[in-house]
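Scroll down for the structure; my scribbles are underneath it.
Labels A, B, C and D are assigned to the chains in the order they are written; within every chain, residues are numbered from 1.
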């Protein structure tokens, strides 16, 4: 575990109940600066609910979330974002009616004047490799490209922590490889939490993996240990294989 | 269609020029009646712009722009009757509806009322205002020396005057300049707003509220500001309307009025600024023509036109025309690929 | 004591009237997310059907309970076939089209029948509540509203048709995969909603009269009731009608009709503010 | 049936067009005298406007049949204001500036009148308002030819005091007309030694009267005085009858039956209601019978009811025509002077005289009772002066007045 005095993100006792169903039960989670963490688990394990509690889209029934020591439990998503958390959601949330450039511009424009924001947008688009389609309407793009647009927008926010929910979903092999490359590069300067199903992809990027099952953390360890763990195979990989 | 946040300096300059040409040219072409008629059309075009802005760009479905329109009209009437000079009255006629919109907007957006219910709440508030103003017939409903008059409304409202000179009222010809000038100003203002960072965010929120929020923008605040601006513009429209007819009555708050504004925007084209203006002028001209004949019931004609419109030109006139023009221009060089709008932006 | 009885009776009639006004709209909006702005004119057609049939010698009960729902139901079917079906999924366009329909219907009825139509008078007469008089017909309206609510609930909850309808509204693709034809279900639902509205128009004709513009006075109230009710529209319409009916009637009785109306509307706004959750539809979202 | 009537209207209009050139040929000055007409022919007020439009067409046709005015034909220019106030202003401007009419007859509600009256003042067009209303308009460019409360309400109240009792409950539409009429009802009731227990006002879109019917039962008045207006308010009479109140408390009204209430209501809902107006279709004089016959001949037997609105419009047009003949000109000022000289016309309602001081009319008033969907005229009162407006308005002394007084009822 990281021994930082104040971790980047620290969640304690996170619990979420919907009516009689407990989706997430008393989860503790700590992430250090510039760390890359993958969250995996079968459908309904509570990953997405946990993710939404971190981003402010859901307010936890119990527990606290601290970002660099400051309590952000139950804050609005825009307040969470303003602390320096960039979020890519599971279903791509992009501005379909705007161009790629406009999408990224709006992200950069929160912190910067229009001129600077335009420069940052162009740099980010270049970085993610979307320059060729920068003038296209996002609604007209293929699924993989839309995912990248969303990642570019998140990057243009200049966050310290990126939360990526299934960034490789719906991508072909080539695209998955490029995305993993992109993530590793981002990780040079920023922390990331990646929720993912694709084991191939996990192997490409992961160092530490947290496994969710039935609303709790089953195991949290480095990627090789986790992937060779028998109970993980039982609850998750076994089902995937079938 | 929705992506055209602003399509460049060229189109802006062309629009501005066209506006100025109409402003100074029409008095030479039209007789006094034609000019008066255009004045009321233009006043309603300002109203249509307010709806077109908050709905087409802000994504706020207000069923109650007529509430701000009516408030603007009444505020102007009451203020000018008490103040004498019209300058402060105009300012109030914009400020009060804007303030009311801000209050209502705070209640709705910060109350996390969902999109659909924004429509219902605005509709309901409008009906309340309609009822309240309708029941002000009694003697005790008098503000200063301005009786509200209930269902009959307030007749003989003094017209605009040269600022600072209450004894120099504008004649109908001058009123035209005031109205058309206001329309141009509002148009320029909205183009400016939309081209600004604020405008981009407003459109972004319309496109995807969650994403905007995840980027750190507070949609509630942006919607509130958009709604407030729309309320102020609708108030200005009400003020112009009151000036044109020298009267204001509770029908300004009526459901029919609210629906009419929505129709202006839809017919002209949602997500454009030119569309609502053209829609307002065209529909009103049509209604005026209908009243001059007695063969077919007026409602029947308007109704059939609307139904036909939805089935044949659902996007509204301006987007359709724009697409046709773009296809004409872009087809030859690019062949089959879909043209992309808004590349010529500044 | 008698006065409380009379007030209670009036409240019941007010609730029943709201239920009648809103139920057909609730079916169409609640199940299809279609905002029928011609709802008021469907009511008007129902009232006209009853008035005209009765004046041509049809028994008034048959006119109200059979002719009106039949005529307006068939009319709704035609409207659905002729243009609503082209507009599914395009909420705003449907609103515009039905607004056009509303104007066209007012114009058409005026052209066909003129502005003056001999109405029908309420059958049954009055009955005594202690020293006071209430209308037996009002009692009949209460019974009808209750029967319509209950019947609709039973139809949707207990029959195969209801199950298919609910399934289609939840997920048309899934229903289609199971062999149901969603277009036919939409058609049937729209016709059902129209028929209920027609029935309401027929039932209300003796108390509200028949005029081409009569729908306008009802449309805002109907919408507020349906939307105030929320997603589960049968129960919702019943509850919202009860709440609004009580508030309107008591406020009117204690103060003035203006205040009664304003109190109803304000309570609707507050209801929406307090309970924004009970709502699923986001129908004002742009259609693209 | 109504279709027939519409066809009739069209044929009538076509006949007018054919007739016009013939008259032109006879006349020296081919230029017609233009008469503007602004009425709601569609929308909620359409039923009121339609009957007035019939009457003005009849009057114009009659004048043309006699060779026009000053040797010139009369041309009617009509716009349907579609029950929209904005269109009133718009068409008023059109009539004044584009069509350049010599006179305008029109306006139905007081709101519409107050929207267009300033337009005609500003552009100097003579204006006739031919509807009963609350009184108080005092404007030298405007003539109001309908009855005002002072002419009818006291007759109505006298009747109820004598025949029903001294305790009255007033229900009225919540706008100027209703508010002011309610005050007159109260005043006359008290003057006659009676009392008004409650006055209730209803917005024009109210259709549910159950609470009020409950309140009335509680108050137990001897009579209900109604100044309810419009088709929504007609629901009151339906609900009143449905509650079985019809036989218990009588109703008297200054507005019931003005348009088409007798035709839309069942006899058992309307029988016995007492009203007071300046005209009833059933008035048994030759002029009245001729008028009714002429309208039905011209526009078909299905014309619903020919009441004060139609008669006053018809008389208003003829009063104007007499003024033009007397002045020998269509010059606005000359016409006004001629009309102020005590012009009168023997119309369907009897003798109607324009009053110089108020620009209102001295006319007969009648009290009637609904019997089997007809009016039975019970009493008639010749030459009633518009005393209410006269109390505030004197255009002889102050010819430059241009105001709508809200008459203070003491």
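One rule holds in what follows: a residue touches a chain if its C-beta (ideal position, glycine included) is under 8 Å from a C-beta of that chain, and two chains touch if they have at least 3 such contacts.
These figures come from a predicted structure and were not determined experimentally.
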Listing by label each chain that touches chain C and chain D gives B
Most remote chain relative to chain A, going by C-alpha centroids?
D
Separation of chain A from chain D, taking each centre as the mean of its C-alpha atoms, in whole Å
75
Intercentroid distance (Cα basis), chain C paired with chain A, Å:
48
In angstrom, rounded to a whole number, how far apart do the mean CA points of chain B and chain C lie?
32
Separation of mean Cα positions, chain D and chain B [Å, integer]
37
Which residues does chain D have that touch at least 2 chains other than itself?
42-43, 174, 201, 203
Which residues does chain B have that touch at least 2 chains other than itself?
1-2, 131, 134-135, 206, 256, 297-299
Using the touch rule from the top of the page, what residues of chain C touch 2 or more other chains?
107, 110-111, 216, 256, 258, 261, 288
Any two chains that touch count here, so list every such pair.
A-B, B-C, B-D, C-D
Residue ranges of chain B touching chain C (in the complex, touch as defined):
1-2, 59, 61, 107, 111-121, 123-125, 127-128, 131-132, 134-135, 206, 255-256, 259, 262-263, 266, 270, 296-307, 309-311, 314
So in the complex, which bits of chain C are touching chain B?
37, 83, 86-87, 90, 92-93, 95-97, 99-108, 110-111, 216, 219-220, 223-224, 227, 256, 258, 261-262, 265-266, 268-269, 272-273, 276, 279, 281-286, 288
Provide the residue numbers of chain D that touch chain B in the complex, in ascending order.
9-10, 13, 41-43, 78-82, 84-87, 89-91, 93-94, 96-98, 109-111, 114-115, 117-119, 174-176, 178-179, 201, 203-204, 404, 406
Taking the touch rule as given, give the residues of chain B at its contact with chain D in the complex, in rising order.
31-34, 36-37, 40, 131, 134-135, 137-139, 147, 149-153, 155-156, 241, 244-247, 249, 251, 256, 287-288, 290-295, 297-299
Which residues of chain C touch chain D in their complex?
3, 6-7, 10, 13-14, 17, 107, 110-122, 124-127, 131-138, 206-214, 216-218, 248-249, 252-253, 256-258, 260-261
